[in-house]
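The structure is given below, and queries will be raised subsequently.
Labels A, B, C and D are assigned to the chains in the order they are written; within every chain, residues are numbered from 1.
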(Lines give C-alpha, C1' and ligand atoms only; values in the text may rest on other atoms or scores of the structure.)
Protein backbone atom coordinates (compact mmCIF):
# COMPACT_ATOMS: atom_id res chain seq x y z
CA UNK A 1 0.00 0.00 0.00
CA UNK A 2 1.28 3.45 -0.92
CA UNK A 3 0.17 6.73 0.59
CA UNK A 4 1.11 10.26 -0.30
CA UNK A 5 2.56 11.08 3.10
CA UNK A 6 6.16 10.89 4.27
CA UNK A 7 6.42 10.03 7.97
CA UNK A 8 8.73 12.18 10.10
CA UNK A 9 9.50 9.23 12.35
CA UNK A 10 10.77 6.03 10.70
CA UNK A 11 9.55 4.08 13.75
CA UNK A 12 5.96 5.26 13.30
CA UNK A 13 4.49 1.78 13.04
CA UNK A 14 5.98 0.40 16.23
CA UNK A 15 5.09 3.64 18.02
CA UNK A 16 1.45 3.35 16.87
CA UNK A 17 1.24 -0.34 17.72
CA UNK A 18 2.68 0.23 21.18
CA UNK A 19 0.16 3.02 21.81
CA UNK A 20 -2.71 0.87 20.55
CA UNK A 21 -1.69 -1.87 22.97
CA UNK A 22 -2.10 0.69 25.77
CA UNK A 23 -5.73 1.40 24.84
CA UNK A 24 -7.33 -0.99 27.30
CA UNK A 25 -10.76 -0.58 25.73
CA UNK A 26 -9.46 -2.13 22.49
CA UNK A 27 -8.99 -5.41 24.34
CA UNK A 28 -12.47 -5.21 25.83
CA UNK A 29 -13.99 -5.07 22.35
CA UNK A 30 -11.46 -7.47 20.71
CA UNK A 31 -10.15 -4.83 18.31
CA UNK A 32 -7.21 -5.52 16.01
CA UNK A 33 -4.96 -2.96 14.36
CA UNK A 34 -4.69 -4.46 10.90
CA UNK A 35 -3.01 -1.77 8.76
CA UNK A 36 -0.59 0.99 9.78
CA UNK A 37 0.78 3.00 6.87
CA UNK A 38 1.78 6.67 6.75
CA UNK A 39 -1.49 8.57 7.11
CA UNK A 40 -3.64 5.43 6.89
CA UNK A 41 -4.85 3.03 9.58
CA UNK A 42 -7.37 0.20 9.75
CA UNK A 43 -8.91 -1.33 12.87
CA UNK A 44 -11.40 -4.18 13.00
CA UNK A 45 -13.68 -5.77 15.58
CA UNK A 46 -15.92 -8.80 15.46
CA UNK A 47 -19.63 -8.20 15.99
CA UNK A 48 -20.51 -9.46 19.44
CA UNK A 49 -23.88 -9.56 21.15
CA UNK A 50 -22.58 -7.61 24.12
CA UNK A 51 -21.75 -4.63 21.86
CA UNK A 52 -25.26 -4.16 20.49
CA UNK A 53 -28.05 -1.61 20.88
CA UNK A 54 -31.76 -2.38 21.09
CA UNK A 55 -32.16 -3.72 17.54
CA UNK A 56 -29.17 -6.05 17.66
CA UNK A 57 -26.94 -3.68 15.62
CA UNK A 58 -23.52 -2.73 16.91
CA UNK A 59 -24.00 0.42 19.02
CA UNK A 60 -23.02 3.63 17.24
CA UNK A 61 -20.70 4.44 20.14
CA UNK A 62 -18.72 1.25 19.59
CA UNK A 63 -18.44 1.91 15.86
CA UNK A 64 -17.29 5.40 16.86
CA UNK A 65 -14.71 3.91 19.23
CA UNK A 66 -12.83 2.21 16.40
CA UNK A 67 -13.38 5.09 13.94
CA UNK A 68 -11.93 7.53 16.47
CA UNK A 69 -8.93 5.35 17.27
CA UNK A 70 -8.30 4.73 13.57
CA UNK A 71 -8.37 8.49 12.89
CA UNK A 72 -6.14 9.20 15.87
CA UNK A 73 -3.56 6.64 14.75
CA UNK A 74 -3.69 7.73 11.11
CA UNK A 75 -2.72 11.20 12.36
CA UNK A 76 -0.21 9.75 14.80
CA UNK A 77 1.73 7.94 12.05
CA UNK A 78 2.74 11.38 10.74
CA UNK A 79 3.55 13.00 14.08
CA UNK A 80 7.12 13.21 15.37
CA UNK A 81 8.66 10.78 17.84
CA UNK A 82 7.94 11.81 21.39
CA UNK A 83 4.57 13.37 20.60
CA UNK A 84 1.17 12.25 21.75
CA UNK A 85 -2.21 12.51 20.07
CA UNK A 86 -5.67 13.40 21.38
CA UNK A 87 -9.08 13.75 19.72
CA UNK A 88 -10.33 17.33 19.55
CA UNK A 89 -13.71 16.46 18.02
CA UNK A 90 -15.41 14.24 15.50
CA UNK A 91 -18.68 13.94 13.62
CA UNK A 92 -20.16 10.59 12.64
CA UNK A 93 -22.95 9.79 10.19
CA UNK A 94 -24.60 6.41 10.63
CA UNK A 95 -25.31 5.16 7.13
CA UNK A 96 -26.60 1.63 7.66
CA UNK A 97 -27.02 -0.84 10.51
CA UNK A 98 -23.68 -2.32 11.62
CA UNK A 99 -24.46 -6.03 11.43
CA UNK A 100 -22.45 -8.96 10.14
CA UNK A 101 -19.16 -10.65 10.80
CA UNK A 102 -16.54 -7.96 11.05
CA UNK A 103 -16.77 -4.20 11.47
CA UNK A 104 -13.76 -2.40 10.01
CA UNK A 105 -12.70 1.25 10.30
CA UNK A 106 -10.54 2.71 7.51
CA UNK A 107 -9.05 6.09 8.39
CA UNK A 108 -6.96 8.45 6.33
CA UNK A 109 -5.35 11.79 6.95
CA UNK A 110 -7.05 14.52 4.94
CA UNK A 111 -4.75 17.34 5.98
CA UNK A 112 -1.73 17.03 8.24
CA UNK A 113 -0.63 19.98 10.35
CA UNK A 114 1.97 20.35 13.05
CA UNK A 115 -0.75 21.09 15.63
CA UNK A 116 -4.08 19.98 14.12
CA UNK A 117 -4.65 17.12 11.71
CA UNK A 118 -7.96 16.38 9.98
CA UNK A 119 -8.90 12.80 9.15
CA UNK A 120 -11.75 11.00 7.43
CA UNK A 121 -12.80 7.44 8.13
CA UNK A 122 -15.40 4.99 6.91
CA UNK A 123 -16.69 1.96 8.79
CA UNK A 124 -17.80 -1.18 6.99
CA UNK A 125 -19.90 -4.04 8.33
CA UNK A 126 -19.45 -7.21 6.32
CA UNK A 127 -17.86 -5.11 3.59
CA UNK A 128 -20.76 -2.63 3.33
CA UNK A 129 -20.32 0.97 4.44
CA UNK A 130 -22.14 1.65 7.71
CA UNK A 131 -20.67 4.93 9.04
CA UNK A 132 -18.50 7.91 8.09
CA UNK A 133 -16.38 10.15 10.33
CA UNK A 134 -14.75 13.56 9.87
CA UNK A 135 -12.39 14.23 12.78
CA UNK A 136 -9.85 16.69 14.17
CA UNK A 137 -6.80 15.44 16.08
CA UNK A 138 -4.23 17.43 18.06
CA UNK A 139 -0.52 16.74 18.43
CA UNK A 140 0.89 17.34 21.88
CA UNK A 141 4.66 17.56 22.18
CA UNK A 142 6.19 15.95 25.21
CA UNK A 143 9.11 17.73 26.80
CA UNK A 144 11.04 14.55 27.33
CA UNK A 145 10.38 12.11 24.53
CA UNK B 1 -37.60 18.07 37.44
CA UNK B 2 -39.72 19.96 34.93
CA UNK B 3 -39.18 20.21 31.21
CA UNK B 4 -40.99 22.20 28.57
CA UNK B 5 -42.11 19.17 26.57
CA UNK B 6 -45.38 17.28 26.72
CA UNK B 7 -44.95 13.57 25.95
CA UNK B 8 -47.36 12.02 23.44
CA UNK B 9 -47.15 8.68 25.22
CA UNK B 10 -47.91 8.61 28.94
CA UNK B 11 -45.91 5.38 29.21
CA UNK B 12 -42.75 7.03 27.85
CA UNK B 13 -40.62 6.20 30.86
CA UNK B 14 -41.30 2.48 30.93
CA UNK B 15 -40.89 2.36 27.14
CA UNK B 16 -37.48 4.05 27.40
CA UNK B 17 -36.37 1.89 30.32
CA UNK B 18 -37.39 -1.30 28.50
CA UNK B 19 -35.48 -0.20 25.40
CA UNK B 20 -32.42 0.69 27.46
CA UNK B 21 -32.47 -2.78 29.01
CA UNK B 22 -32.24 -4.17 25.46
CA UNK B 23 -29.01 -2.27 24.74
CA UNK B 24 -26.61 -5.07 25.59
CA UNK B 25 -23.60 -2.77 25.42
CA UNK B 26 -24.97 -0.78 28.37
CA UNK B 27 -24.46 -3.82 30.58
CA UNK B 28 -20.94 -4.32 29.27
CA UNK B 29 -19.97 -0.84 30.43
CA UNK B 30 -22.13 -0.88 33.62
CA UNK B 31 -24.30 2.01 32.47
CA UNK B 32 -27.31 3.17 34.49
CA UNK B 33 -30.26 5.16 33.23
CA UNK B 34 -30.68 7.60 36.09
CA UNK B 35 -33.16 10.22 34.83
CA UNK B 36 -35.99 9.87 32.28
CA UNK B 37 -38.12 12.99 31.92
CA UNK B 38 -39.93 14.34 28.85
CA UNK B 39 -37.11 15.47 26.53
CA UNK B 40 -34.39 14.89 29.13
CA UNK B 41 -32.35 11.80 29.96
CA UNK B 42 -29.25 11.07 32.06
CA UNK B 43 -27.02 8.01 31.87
CA UNK B 44 -23.96 7.31 34.02
CA UNK B 45 -21.06 4.85 34.01
CA UNK B 46 -18.25 4.24 36.44
CA UNK B 47 -14.73 4.81 35.19
CA UNK B 48 -13.10 1.41 34.72
CA UNK B 49 -9.60 0.59 33.58
CA UNK B 50 -10.88 -1.56 30.75
CA UNK B 51 -12.63 1.44 29.17
CA UNK B 52 -9.53 3.63 28.85
CA UNK B 53 -7.34 4.89 26.05
CA UNK B 54 -3.53 5.19 26.12
CA UNK B 55 -3.38 7.92 28.77
CA UNK B 56 -5.74 6.24 31.21
CA UNK B 57 -8.70 8.51 30.30
CA UNK B 58 -12.03 7.00 29.35
CA UNK B 59 -11.95 6.45 25.58
CA UNK B 60 -13.85 9.12 23.61
CA UNK B 61 -15.86 6.35 21.96
CA UNK B 62 -17.16 5.15 25.33
CA UNK B 63 -18.08 8.67 26.37
CA UNK B 64 -19.82 8.93 22.99
CA UNK B 65 -21.66 5.67 23.66
CA UNK B 66 -23.50 7.12 26.66
CA UNK B 67 -23.92 10.57 25.06
CA UNK B 68 -25.50 8.96 21.99
CA UNK B 69 -27.83 6.73 24.01
CA UNK B 70 -28.80 9.65 26.24
CA UNK B 71 -29.65 11.78 23.17
CA UNK B 72 -31.55 8.92 21.56
CA UNK B 73 -33.63 8.33 24.68
CA UNK B 74 -34.24 12.05 25.26
CA UNK B 75 -35.76 12.10 21.76
CA UNK B 76 -37.54 8.79 22.35
CA UNK B 77 -39.40 10.12 25.42
CA UNK B 78 -41.30 12.43 23.06
CA UNK B 79 -41.98 9.93 20.28
CA UNK B 80 -45.29 8.08 20.04
CA UNK B 81 -45.91 4.57 21.35
CA UNK B 82 -44.94 1.98 18.79
CA UNK B 83 -42.14 4.03 17.28
CA UNK B 84 -38.45 3.29 17.33
CA UNK B 85 -35.46 5.63 17.35
CA UNK B 86 -32.14 5.56 15.51
CA UNK B 87 -29.15 7.92 15.45
CA UNK B 88 -28.73 9.77 12.16
CA UNK B 89 -25.50 11.50 13.12
CA UNK B 90 -23.72 13.26 15.95
CA UNK B 91 -20.77 15.51 16.58
CA UNK B 92 -18.74 15.38 19.78
CA UNK B 93 -16.21 17.84 21.15
CA UNK B 94 -13.84 16.46 23.77
CA UNK B 95 -13.35 19.24 26.29
CA UNK B 96 -11.26 17.64 29.03
CA UNK B 97 -9.94 14.20 29.95
CA UNK B 98 -12.68 11.92 31.25
CA UNK B 99 -11.17 10.80 34.54
CA UNK B 100 -12.65 10.34 37.98
CA UNK B 101 -15.36 8.36 39.66
CA UNK B 102 -18.46 8.64 37.50
CA UNK B 103 -18.98 9.80 33.94
CA UNK B 104 -22.48 11.18 33.38
CA UNK B 105 -24.25 12.13 30.16
CA UNK B 106 -27.04 14.74 30.34
CA UNK B 107 -29.09 14.97 27.16
CA UNK B 108 -31.90 17.31 26.21
CA UNK B 109 -34.10 17.72 23.19
CA UNK B 110 -33.30 20.97 21.41
CA UNK B 111 -36.00 20.65 18.77
CA UNK B 112 -38.54 17.87 18.47
CA UNK B 113 -39.94 16.93 15.08
CA UNK B 114 -42.18 14.09 13.95
CA UNK B 115 -39.36 12.67 11.81
CA UNK B 116 -36.11 14.30 12.98
CA UNK B 117 -35.26 15.45 16.49
CA UNK B 118 -32.15 17.41 17.44
CA UNK B 119 -30.57 16.93 20.87
CA UNK B 120 -27.66 18.35 22.81
CA UNK B 121 -25.78 16.55 25.55
CA UNK B 122 -22.92 17.23 27.91
CA UNK B 123 -20.75 14.63 29.62
CA UNK B 124 -19.27 15.22 33.03
CA UNK B 125 -16.44 13.35 34.73
CA UNK B 126 -16.44 13.78 38.49
CA UNK B 127 -18.80 16.71 37.99
CA UNK B 128 -16.57 18.54 35.49
CA UNK B 129 -17.64 18.89 31.87
CA UNK B 130 -15.56 16.64 29.60
CA UNK B 131 -17.51 16.43 26.31
CA UNK B 132 -20.39 18.00 24.36
CA UNK B 133 -22.61 16.43 21.69
CA UNK B 134 -24.99 17.85 19.07
CA UNK B 135 -27.01 15.01 17.54
CA UNK B 136 -29.82 14.22 15.11
CA UNK B 137 -32.22 11.35 15.82
CA UNK B 138 -34.86 9.83 13.54
CA UNK B 139 -38.24 8.41 14.52
CA UNK B 140 -39.25 5.25 12.69
CA UNK B 141 -42.89 4.26 12.87
CA UNK B 142 -43.58 0.57 13.21
CA UNK B 143 -46.61 -0.78 11.40
CA UNK B 144 -47.60 -2.99 14.26
CA UNK B 145 -46.73 -1.39 17.55
CA UNK C 1 -17.70 12.03 -16.08
CA UNK C 2 -19.19 8.78 -14.80
CA UNK C 3 -20.72 8.23 -11.38
CA UNK C 4 -22.02 5.09 -9.78
CA UNK C 5 -25.56 6.41 -9.32
CA UNK C 6 -28.58 5.99 -11.55
CA UNK C 7 -30.90 9.01 -11.41
CA UNK C 8 -34.63 8.32 -10.92
CA UNK C 9 -35.51 11.41 -12.92
CA UNK C 10 -34.05 11.76 -16.41
CA UNK C 11 -34.57 15.53 -16.17
CA UNK C 12 -32.40 15.83 -13.07
CA UNK C 13 -30.00 18.31 -14.59
CA UNK C 14 -32.57 20.85 -15.72
CA UNK C 15 -34.40 20.43 -12.40
CA UNK C 16 -31.19 21.17 -10.48
CA UNK C 17 -30.25 24.11 -12.70
CA UNK C 18 -33.70 25.63 -12.38
CA UNK C 19 -33.54 25.29 -8.59
CA UNK C 20 -30.05 26.80 -8.48
CA UNK C 21 -31.32 29.79 -10.46
CA UNK C 22 -33.88 30.33 -7.69
CA UNK C 23 -31.19 30.58 -4.99
CA UNK C 24 -30.92 34.37 -4.97
CA UNK C 25 -27.81 34.31 -2.79
CA UNK C 26 -25.90 32.51 -5.55
CA UNK C 27 -26.22 35.62 -7.69
CA UNK C 28 -25.06 37.85 -4.85
CA UNK C 29 -21.80 35.90 -4.61
CA UNK C 30 -21.43 35.29 -8.39
CA UNK C 31 -21.66 31.51 -8.04
CA UNK C 32 -21.75 29.22 -11.08
CA UNK C 33 -23.04 25.67 -11.22
CA UNK C 34 -20.34 24.07 -13.35
CA UNK C 35 -20.99 20.31 -13.12
CA UNK C 36 -24.26 18.43 -12.58
CA UNK C 37 -23.93 14.66 -12.81
CA UNK C 38 -25.86 11.95 -10.96
CA UNK C 39 -24.71 12.26 -7.34
CA UNK C 40 -22.01 14.83 -8.15
CA UNK C 41 -22.15 18.62 -8.34
CA UNK C 42 -19.58 21.42 -8.57
CA UNK C 43 -20.11 25.10 -7.82
CA UNK C 44 -17.54 27.86 -8.10
CA UNK C 45 -17.21 31.49 -7.03
CA UNK C 46 -14.56 34.09 -7.66
CA UNK C 47 -12.76 35.47 -4.65
CA UNK C 48 -14.00 38.99 -4.05
CA UNK C 49 -12.95 41.49 -1.42
CA UNK C 50 -16.51 41.88 -0.17
CA UNK C 51 -16.66 38.18 0.78
CA UNK C 52 -13.65 38.23 3.10
CA UNK C 53 -13.07 37.98 6.85
CA UNK C 54 -10.54 39.99 8.86
CA UNK C 55 -7.42 38.45 7.29
CA UNK C 56 -8.54 38.86 3.69
CA UNK C 57 -9.50 35.18 3.32
CA UNK C 58 -12.91 34.22 2.03
CA UNK C 59 -15.21 33.95 5.09
CA UNK C 60 -15.84 30.35 6.21
CA UNK C 61 -19.57 31.02 5.96
CA UNK C 62 -19.29 31.86 2.26
CA UNK C 63 -17.21 28.76 1.59
CA UNK C 64 -19.93 26.88 3.51
CA UNK C 65 -22.61 28.48 1.34
CA UNK C 66 -21.28 26.84 -1.83
CA UNK C 67 -20.36 23.58 -0.07
CA UNK C 68 -23.89 23.32 1.30
CA UNK C 69 -25.56 24.09 -2.03
CA UNK C 70 -23.24 21.66 -3.82
CA UNK C 71 -24.14 18.90 -1.33
CA UNK C 72 -27.83 19.71 -1.57
CA UNK C 73 -27.79 19.54 -5.36
CA UNK C 74 -25.66 16.38 -5.44
CA UNK C 75 -28.41 14.78 -3.35
CA UNK C 76 -31.13 16.43 -5.43
CA UNK C 77 -29.85 14.89 -8.70
CA UNK C 78 -30.91 11.51 -7.29
CA UNK C 79 -34.27 12.53 -5.86
CA UNK C 80 -37.50 11.98 -7.78
CA UNK C 81 -39.24 14.61 -9.88
CA UNK C 82 -41.54 16.73 -7.77
CA UNK C 83 -39.42 16.47 -4.62
CA UNK C 84 -37.60 19.23 -2.83
CA UNK C 85 -34.39 19.15 -0.81
CA UNK C 86 -33.39 20.81 2.46
CA UNK C 87 -30.23 20.71 4.56
CA UNK C 88 -30.64 18.86 7.85
CA UNK C 89 -27.14 19.60 9.12
CA UNK C 90 -23.51 19.81 8.07
CA UNK C 91 -20.05 19.91 9.56
CA UNK C 92 -17.19 21.82 7.98
CA UNK C 93 -13.47 21.64 8.67
CA UNK C 94 -11.45 24.63 7.52
CA UNK C 95 -8.16 23.22 6.24
CA UNK C 96 -6.38 26.24 4.78
CA UNK C 97 -7.10 29.89 4.06
CA UNK C 98 -9.42 30.33 1.07
CA UNK C 99 -7.40 32.75 -1.04
CA UNK C 100 -6.74 32.90 -4.77
CA UNK C 101 -8.67 33.20 -7.98
CA UNK C 102 -11.54 30.73 -7.79
CA UNK C 103 -13.07 28.80 -4.91
CA UNK C 104 -14.69 25.57 -6.04
CA UNK C 105 -16.92 23.14 -4.13
CA UNK C 106 -16.99 19.51 -5.27
CA UNK C 107 -19.79 17.49 -3.69
CA UNK C 108 -20.63 13.82 -3.96
CA UNK C 109 -23.33 11.61 -2.55
CA UNK C 110 -21.91 9.19 -0.03
CA UNK C 111 -25.14 7.32 0.65
CA UNK C 112 -28.47 7.95 -0.99
CA UNK C 113 -31.68 7.22 0.86
CA UNK C 114 -35.31 7.91 0.06
CA UNK C 115 -35.57 10.27 3.05
CA UNK C 116 -32.00 11.13 4.13
CA UNK C 117 -28.95 11.41 1.90
CA UNK C 118 -25.40 11.88 3.16
CA UNK C 119 -22.91 13.85 1.08
CA UNK C 120 -19.26 14.82 1.30
CA UNK C 121 -17.72 17.89 -0.30
CA UNK C 122 -14.31 19.49 -0.59
CA UNK C 123 -13.62 23.14 -1.35
CA UNK C 124 -10.54 24.21 -3.26
CA UNK C 125 -9.01 27.68 -3.51
CA UNK C 126 -6.75 28.07 -6.52
CA UNK C 127 -6.74 24.27 -6.81
CA UNK C 128 -5.64 23.66 -3.22
CA UNK C 129 -8.01 22.07 -0.71
CA UNK C 130 -9.29 24.61 1.82
CA UNK C 131 -12.35 22.99 3.45
CA UNK C 132 -14.21 19.69 3.83
CA UNK C 133 -17.90 19.10 4.55
CA UNK C 134 -19.91 16.07 5.72
CA UNK C 135 -23.63 16.81 5.34
CA UNK C 136 -27.12 15.32 5.71
CA UNK C 137 -29.88 16.29 3.29
CA UNK C 138 -33.59 15.49 3.46
CA UNK C 139 -35.97 14.80 0.59
CA UNK C 140 -39.42 16.31 0.93
CA UNK C 141 -42.12 14.96 -1.34
CA UNK C 142 -44.53 17.48 -2.73
CA UNK C 143 -48.12 16.43 -3.07
CA UNK C 144 -48.53 18.04 -6.46
CA UNK C 145 -45.32 17.80 -8.43
CA UNK D 1 -25.37 41.11 31.25
CA UNK D 2 -23.02 38.99 33.34
CA UNK D 3 -20.99 36.02 32.16
CA UNK D 4 -18.80 33.61 34.08
CA UNK D 5 -15.63 34.49 32.20
CA UNK D 6 -12.91 36.98 33.11
CA UNK D 7 -11.30 38.53 30.04
CA UNK D 8 -7.49 38.63 29.93
CA UNK D 9 -7.58 41.82 27.92
CA UNK D 10 -9.54 44.76 29.33
CA UNK D 11 -9.80 46.17 25.79
CA UNK D 12 -11.54 43.05 24.49
CA UNK D 13 -14.61 44.87 23.24
CA UNK D 14 -12.82 47.45 21.13
CA UNK D 15 -10.52 44.70 19.80
CA UNK D 16 -13.51 42.59 18.77
CA UNK D 17 -15.36 45.54 17.25
CA UNK D 18 -12.30 46.59 15.26
CA UNK D 19 -11.86 43.04 13.95
CA UNK D 20 -15.55 42.80 13.05
CA UNK D 21 -15.25 46.03 11.06
CA UNK D 22 -12.50 44.32 9.02
CA UNK D 23 -14.79 41.44 8.00
CA UNK D 24 -15.86 42.86 4.66
CA UNK D 25 -18.53 40.20 4.20
CA UNK D 26 -20.38 41.55 7.26
CA UNK D 27 -21.04 44.77 5.37
CA UNK D 28 -22.25 42.86 2.33
CA UNK D 29 -24.94 41.18 4.41
CA UNK D 30 -25.68 44.23 6.63
CA UNK D 31 -24.59 42.46 9.81
CA UNK D 32 -24.46 44.28 13.15
CA UNK D 33 -22.45 43.28 16.20
CA UNK D 34 -25.01 43.95 18.90
CA UNK D 35 -23.56 42.40 22.07
CA UNK D 36 -19.91 41.88 23.06
CA UNK D 37 -19.46 40.52 26.58
CA UNK D 38 -16.76 38.21 27.93
CA UNK D 39 -17.43 34.87 26.26
CA UNK D 40 -20.71 36.02 24.69
CA UNK D 41 -21.41 37.72 21.37
CA UNK D 42 -24.53 38.48 19.33
CA UNK D 43 -24.70 39.38 15.65
CA UNK D 44 -27.83 40.18 13.66
CA UNK D 45 -28.76 40.59 10.02
CA UNK D 46 -31.97 41.63 8.32
CA UNK D 47 -33.60 39.10 6.03
CA UNK D 48 -33.07 40.23 2.47
CA UNK D 49 -34.26 38.63 -0.75
CA UNK D 50 -30.73 38.44 -2.12
CA UNK D 51 -29.67 36.16 0.76
CA UNK D 52 -32.26 33.46 0.13
CA UNK D 53 -32.28 29.92 -1.18
CA UNK D 54 -34.85 28.36 -3.49
CA UNK D 55 -37.76 28.48 -1.02
CA UNK D 56 -37.25 32.09 0.00
CA UNK D 57 -35.61 31.16 3.33
CA UNK D 58 -32.27 32.66 4.29
CA UNK D 59 -29.59 30.33 2.89
CA UNK D 60 -28.04 28.03 5.51
CA UNK D 61 -24.61 29.33 4.51
CA UNK D 62 -25.57 32.90 5.40
CA UNK D 63 -27.01 31.81 8.74
CA UNK D 64 -23.72 29.94 9.21
CA UNK D 65 -21.77 33.09 8.36
CA UNK D 66 -23.14 34.98 11.35
CA UNK D 67 -23.09 31.91 13.64
CA UNK D 68 -19.42 31.35 12.79
CA UNK D 69 -18.43 34.99 13.30
CA UNK D 70 -20.39 35.12 16.56
CA UNK D 71 -18.59 31.99 17.83
CA UNK D 72 -15.22 33.32 16.70
CA UNK D 73 -15.76 36.63 18.48
CA UNK D 74 -17.14 34.99 21.63
CA UNK D 75 -13.84 33.09 21.79
CA UNK D 76 -11.86 36.19 20.83
CA UNK D 77 -13.22 38.20 23.77
CA UNK D 78 -11.28 35.86 26.07
CA UNK D 79 -8.05 35.70 24.08
CA UNK D 80 -5.08 37.89 24.94
CA UNK D 81 -4.25 41.17 23.24
CA UNK D 82 -2.18 40.63 20.13
CA UNK D 83 -3.75 37.27 19.32
CA UNK D 84 -5.86 36.38 16.33
CA UNK D 85 -8.67 33.85 15.98
CA UNK D 86 -9.54 31.37 13.22
CA UNK D 87 -12.30 28.78 12.86
CA UNK D 88 -11.07 25.20 13.03
CA UNK D 89 -14.42 23.59 12.31
CA UNK D 90 -18.12 23.84 13.07
CA UNK D 91 -21.29 21.80 12.82
CA UNK D 92 -24.67 23.35 12.19
CA UNK D 93 -28.15 21.86 12.55
CA UNK D 94 -30.89 23.65 10.67
CA UNK D 95 -33.94 23.52 12.92
CA UNK D 96 -36.50 25.63 11.10
CA UNK D 97 -36.70 27.89 8.06
CA UNK D 98 -34.95 31.22 8.62
CA UNK D 99 -37.69 33.63 7.67
CA UNK D 100 -38.87 36.87 9.20
CA UNK D 101 -37.51 40.26 10.06
CA UNK D 102 -34.19 39.75 11.80
CA UNK D 103 -31.91 36.75 12.07
CA UNK D 104 -29.80 36.81 15.20
CA UNK D 105 -26.86 34.64 16.24
CA UNK D 106 -26.18 34.21 19.97
CA UNK D 107 -22.81 32.61 20.70
CA UNK D 108 -21.25 31.57 23.98
CA UNK D 109 -17.97 30.02 24.97
CA UNK D 110 -18.49 26.50 26.26
CA UNK D 111 -14.87 25.86 27.17
CA UNK D 112 -12.00 28.30 26.85
CA UNK D 113 -8.49 27.03 26.28
CA UNK D 114 -5.24 28.79 25.51
CA UNK D 115 -5.09 27.13 22.08
CA UNK D 116 -8.57 25.74 21.35
CA UNK D 117 -11.90 27.17 22.46
CA UNK D 118 -15.26 25.47 21.98
CA UNK D 119 -18.38 27.58 21.46
CA UNK D 120 -22.09 26.98 21.01
CA UNK D 121 -24.44 29.29 19.18
CA UNK D 122 -28.12 29.45 18.33
CA UNK D 123 -29.68 31.42 15.51
CA UNK D 124 -33.15 32.90 15.79
CA UNK D 125 -35.41 34.18 13.02
CA UNK D 126 -38.07 36.53 14.30
CA UNK D 127 -37.30 35.26 17.79
CA UNK D 128 -37.76 31.57 16.95
CA UNK D 129 -34.78 29.22 16.96
CA UNK D 130 -33.76 28.25 13.43
CA UNK D 131 -30.23 26.80 13.75
CA UNK D 132 -27.66 25.56 16.28
CA UNK D 133 -23.87 25.48 15.99
CA UNK D 134 -21.11 23.67 17.90
CA UNK D 135 -17.73 25.10 16.89
CA UNK D 136 -13.99 24.94 17.59
CA UNK D 137 -11.86 28.08 17.39
CA UNK D 138 -8.08 28.40 17.52
CA UNK D 139 -6.02 31.22 19.05
CA UNK D 140 -2.97 32.25 17.07
CA UNK D 141 -0.38 34.32 18.88
CA UNK D 142 1.22 37.10 16.88
CA UNK D 143 4.88 37.75 17.51
CA UNK D 144 4.45 41.49 17.42
CA UNK D 145 1.08 42.49 18.83
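What to note about this one:
We adopt the following convention: contacts are C-beta pairs under 8 Å (C-beta built on N, C-alpha and C of every residue); 3 or more make two chains touch, one makes a residue touch a chain.
Predicted model, so just to flag it, every value in this text is computed and none were measured.
Taking the definition of touch as given, a chain qualifies here only if it contacts chain C and chain D alike; those chains are A, B. Among the other chains, the CA centroid farthest from that of chain A is the one of D.
A comparison of the A-B and B-C interfaces places the larger number of contacting C-beta pairs at A-B. As a whole-number value, the distance joining the C-alpha centres of chain B and chain C reads 32 Å. One inter-chain figure worth recording: chain A and chain C are separated by 28 Å, centre to centre, where each centre is the mean of the chain's CA atoms.
Each chain gets one centre point, the mean of its Cα atoms, and the points for chain A and chain B are 23 Å apart.
For chain D, the set of residues touching two or more other chains reads 88-89, 91, 93, 118, 136. By the touch criterion stated above, chain C contacts chain A in their complex at residues 91, 93, 95-96, 110-111, 118, 120, 129, 132, 134, 136.
The residues of chain C lying in touch with chain D in their complex are 19-20, 22-25, 27-28, 49-55, 59-62, 64-69, 84, 86-94. Put simply, chain A touches chain D in their complex at residues 88-89, 91, 115-116, 118, 136, 138.
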